[in-house]
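The structures come next, written out as structure tokens.
In the two complexes that follow, chain A is the common piece, with chain B as its partner first and chain C second.
And now, the complex of A and B:
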């Protein structure tokens, strides 16, 4: 006990100081304000945690500082919005994406094909580039003409802002289904499939290391899955669109969360496999690459969804109104689905301040179980400690890298789609949140999983308390002056806290000493 | 003497081109050298302006190259070095009515003070944590500049404007003189940096980048060497900020933000990390690309900027100058083969 005290002296003092601040903060305001601010702090902390935890998993295992994490959070939010407001776009996109993926799903078959082709060395060098060029030409011909029902950023009446506004007021703009006009359906589909196979073959030709592949039906499973998705997407296009449009907003929101998270997982996996992997020997360049990726991501979001901010409507389950609202107890709330609930005399917004922290808690626990109780988690924890040793034990750590990167980006996208109804969508939402997550991680310990949760909650709390005190003011003792923190102090305070904590404890509150 | 000329053929040629450039551009535009000399409006004046911006960017980028490329300290708060110079100059001239020389003295003091501030955290944090702490310090400065309390001096989020520049160097009427002053400053900075990197101190800085533990084991107190690099870098960046304020009508608060650090990173990545003249090449490429893209493509220019950035990282990691140095032998051979082909 004594040695524990001595070892963690500074950490205990830090916690004591923070607890003292919390108590002091509680003295200055009424009970209902305190409860609401505490809950809001938890909500902001939960969203921050979803981004920070993925970031810290990636940094811990891969040693990659993924500076594009905030951008991926934003992309998750925008994808979720698209599924909720324009499900037809989502359905239309299924087929071309599945067709493009189908060629790459055949990855193991190409080396066999390549070994059958006998070519001179110069032809062998030219062939992959020629194949890639041909397939890019086909893509360039077909993809711009492929009909996808989409909004028009330039035209205000058809812009995402208008769609979001109409969806929020409970009506929908009439949406015309897109149809094949300039290309016929069969030629577009077959062309995409062929181009995808050709480009995948071309890329696989770059890898000249000899491999022995035994063909079984297993090599074709993913190809078949992609083809089936593509065909279903084309044949049942209208039926699926109608079904999704007719869906109740709770289920639609659920679908949006699932789709956004899955697209985050896929994006993360692709990013690791294609861009990050070649650069493991040059860590600084990985950092610069992710910086560039974040700039590209923001520009893509601006090009597709436009610059103006808009909001995503909350699902009905949390958006009830009427006579009985705000609800006074839980049974009352369950009956009416009020958007607010009275809790210790304060009006608490159910979605923002109860649902989001609950999801945060669920994710915290499930990732904790994944890390502590499963084989994959064991490999990840071992990899964080000593990567080479894990590799030496015969574990394919490259695959684990891809999985962890995909998982981290998926968590960020989940955070994005959850934050969309409460904080709205804007081009800048990623950057500000990412700075928060970075501060939270630095406070809690960069690679420490509980540290990520602790740091996120601390950052959320401090920001919310300072915002609240900006409204009511802090009376400074022995004077008549009331100090009101101004908005710039909100980010500045957390940044200063980070700098102070890093100077005293360079590894953060819970990080291990090297 | 002859040896000096043959060893520095490339640099001297570049210098000559830079000196003659306004007049040559003027001739193409149909303006006589005399018109260019008295700053008549025309294409020459515009090109001078673009070149001045490039020189300022190059001086700023070379200061980042010293601490990132040579000493190996990744700082995300580097834009603060530049912004402190820019804002101090603006405030001193506008609000306190200083003349140029005392202002220069003031920003030198400011630059040394902020280098010491960064040095305060140096021995405690390393690597990524150093990057985070500097990011924190930089964003606190950014927030301070943007805050409404400081608005009287810094102009908060509109930017600092209305700085009255002395007539003899005003960018509107005496742009040619400004151009040559900036050219001389850039060359001086480059020579000083060259000398610093080749001095024993600079060699230790390179050793710190390669392996700090080993440099320490050899008996060097690495802290002092890092501090020296940081101070020199801070002085140079503040100098770049000084000229930025004199040249630009508005100092936007963006120069204090994270994005401007990324600009420096991008420039030295294009030019070549750790090669001092890469900063100049990178600044030329960056500014011209940015200008051209914004002119012909418009808003989505930063998308292409980001794409170029990613492509450079993946395929030309040593930058233009770095790759040139690595391949100079092959390039020379290929050149000779080409000449032979024409000779026969």
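And now, the complex of A and C:
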């Protein structure tokens, strides 16, 4: 016990100081304000945590500082919002995306195919590029002609703003039936499938290292899944669109969360496998690449969704109103699904201040279980320390890299879609949150998972308390002056705290000494 | 003689440095072969080149009749090669048991081999739930070897097993290596010539990235001149 105290002396002092601050903060405001500010801090902290934890998992195992993480958070939000506002677009996109992915799902088959082809060395060098070129031509020919019910940023009547307005007011535009006019359906589908296989084969030819591949049915399972999704997407296109349009906002929100998270997972997996992987021996290039991806991501969002800001409507479950609201106790709330609950005479917003922290907690615990109780988690923890040794044990660490990157981006996308109903969507939402997440990680310990949670909560709390004190003011003792922190102090305060903590504890609060 | 491993004239670069400039190692099945040589001669790099961690640019590595050079490290390892690296590389954040479990290649490997491993290294049984870092140097070395024993490996590459260990512990380590050599073939890198000469049946001397002499360990022990020239030992 004594040695524990001695070892963690500074950390204990740091926690004591924070507790003292919290108690001091409680003295200056009413109890209801204190509780609500605390809950808001938790809410902001939870969203920050979703971004920070993914970033920290990726950095810990892969040594990749993914500067695009904030942008991916934003993309998650926009994708989720799109599913809520235009489910038909999402359904229309299902088939082409599944077909494009299908070729890559055959990854293990290509080395076998390549070993059968006998070619001269110059042909071997040209072939991959030729294959990629051919497939790109097919994509270029088919994709613009593939019927997808999409909006038009340039045309106000068809713009996302209009659709958003319609969706908010509950009247959705009639769905344009998707029809194949410029290309026939069969040629579009087969063309996409072939192009996907050709491009995946072409890319696989760049990896010339010999591999032992034994083909089993497992190598084809993802290909089959992709094909089934594509076929279901095209056959039941209208039925699925109608179904999604008929869903109530709770289920639609649920679908949006799932779709956004999965999109993040797929996007992350693709990013690692195609862009990050070739650059592991050049970390600086990797850093530049993620920075560039971030900029490209923001521009893409501007091109697809335009510049206006949106608010995603909250699901009915958290958005009730009427005479019975605000609810005074939980049973009351359950009956009316009020958007707020009265707690100590203060109004607590259920979605923002209860639901989001709960999801944050669930994610915290699930990832913790994944890391501590599963074989994958064991490999991740081992890989953080010594990748070479893990690989020398016969474990395909690259596959684990892809999984972790996908998981990290998935978490960011989940954070984005959860934040969309509470803080809204904008082109800049990623950047400010990403900065928060980085500060949280610096405070908590860069590659320490509980540290990510702790740092995020601290950052959220400090910001919310300063915002609150900006409204009520802090009376300076022995004077008549009431100090009101101005809004610029909100981000500045967390940076200041980070600087102080890093000066005393260079590895953050829970980070281990290297 | 049947060779389980045949390393033919490998050339390995690390960055722009030409580390191995022609190393040949032949390992008869069921034997213990020691790679000898001074510090920095390229012994560790030879082991790493065999398992693919530093892939040789030229030459061949043939394991069980199959050419493995150029393959990814995890593929080579999965064919049945265990690697015990120089500084043990025990995973800090994993318990002793997890350090063993992570080496499973098939589900249940650990449960199957558990008794054999704990018979060989009784100390580990007692430490099973401790974190990997709380072990002493000798215990870490035992754990590193035990980890290589979890899957069915036909070949074990062990780098400097006696480094930094007390003489008493070296004795028990040697006993353990002799015991496990009954089950599989061992390639050993060893600075301590006394240890190497007691354990190995064959030797290969590596000097400045080249294999310069090989043969029967008994002959080398008698050849004081060669020992002095290549190993600097009396």
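We adopt the following convention: the second predicted complex is superposed on the first by the 501 of 514 C-alpha atoms of A that agree within 3 Å, B and C clash if a C-alpha of one lies under 4 Å from a C-alpha of the other, contacts with A are read in each partner's own complex, and residues count from 1 in each chain.
Keep in mind that, in the parts below, a contact is a pair of C-beta atoms (placed from the backbone, for glycine too) under 8 Å apart; a residue touches a chain by one contact, two chains touch by 3 or more.
Treat the numbers as computed from the prediction; the structure is a model and nothing was measured.
S.K.: Looking at the overlay on chain A, is there a clash between chain B and chain C, or do the two fit?
M.R.: Chain B/chain C on chain A - fit side by side.
S.K.: Could you give the angle made at the Cα centre of chain A by the lines to the Cα centres of chain B and chain C, to the nearest 10°?
M.R.: So the angle at the centre of chain A is 80 degrees.
S.K.: Of the partners chain B and chain C, which touch A:170 in the superposed model: first, second, both, neither?
M.R.: The answer is neither, since A:170 touches no partner chain.
S.K.: Name the contact category of A:475: first (chain B only), second (chain C only), both, or neither.
M.R.: A:475 sits against neither chain B nor chain C.
S.K.: Quick check for you: in the superposed arrangement, does A:321 touch first (chain B), second (chain C), both or neither?
M.R.: neither
S.K.: Of chain B and chain C, which one touches more residues of chain A?
M.R.: B
S.K.: Of the two partner chains, chain B (first) and chain C (second), which one does A:292 touch, if any: first, second, both, or neither?
M.R.: first
S.K.: With both complexes overlaid on chain A, does A:385 touch chain B (first), chain C (second), both or neither?
M.R.: So A:385 only meets chain C here.
S.K.: Taking the superposed arrangement, what is the smallest distance in Å from a C-alpha atom of chain B to one of chain C?
M.R.: Chain B and chain C, overlaid via chain A, are at closest 14 Å apart by C-alpha.
S.K.: From the superposed pair, tell me which chain A residues show up as contacts to chain B and also as contacts to chain C.
M.R.: none
S.K.: Can you check the complex and tell me which residues of chain A touch chain B?
M.R.: So the residues of chain A in touch with chain B come to 65, 275, 278-279, 282, 284-285, 287-289, 291-296, 298-300, 302-303, 435, 438-439, 442, 446, 486, 488, 491-492, 495-496, 498-499, 502-503, 506-507.
S.K.: Using the touch definition up top, name the residues of chain B that touch chain A in the complex.
M.R.: 74, 121, 124-126, 128-129, 132-133, 135-137, 139-140, 143-144, 146-149, 262, 265, 269, 299-300, 302-303, 305-307, 309-310, 313-314, 317
S.K.: With touch defined as at the start, can you tell me which chain A residues reach chain C in the complex?
M.R.: Touching chain C: residues 209-212, 375, 378-379, 381-382, 384-386, 388-397 of chain A.
S.K.: For chain C, which residues count as touching chain A in their complex?
M.R.: 51, 53, 67, 70-75, 77-79, 83, 85, 89, 91-94, 98, 101-103, 105, 147, 151
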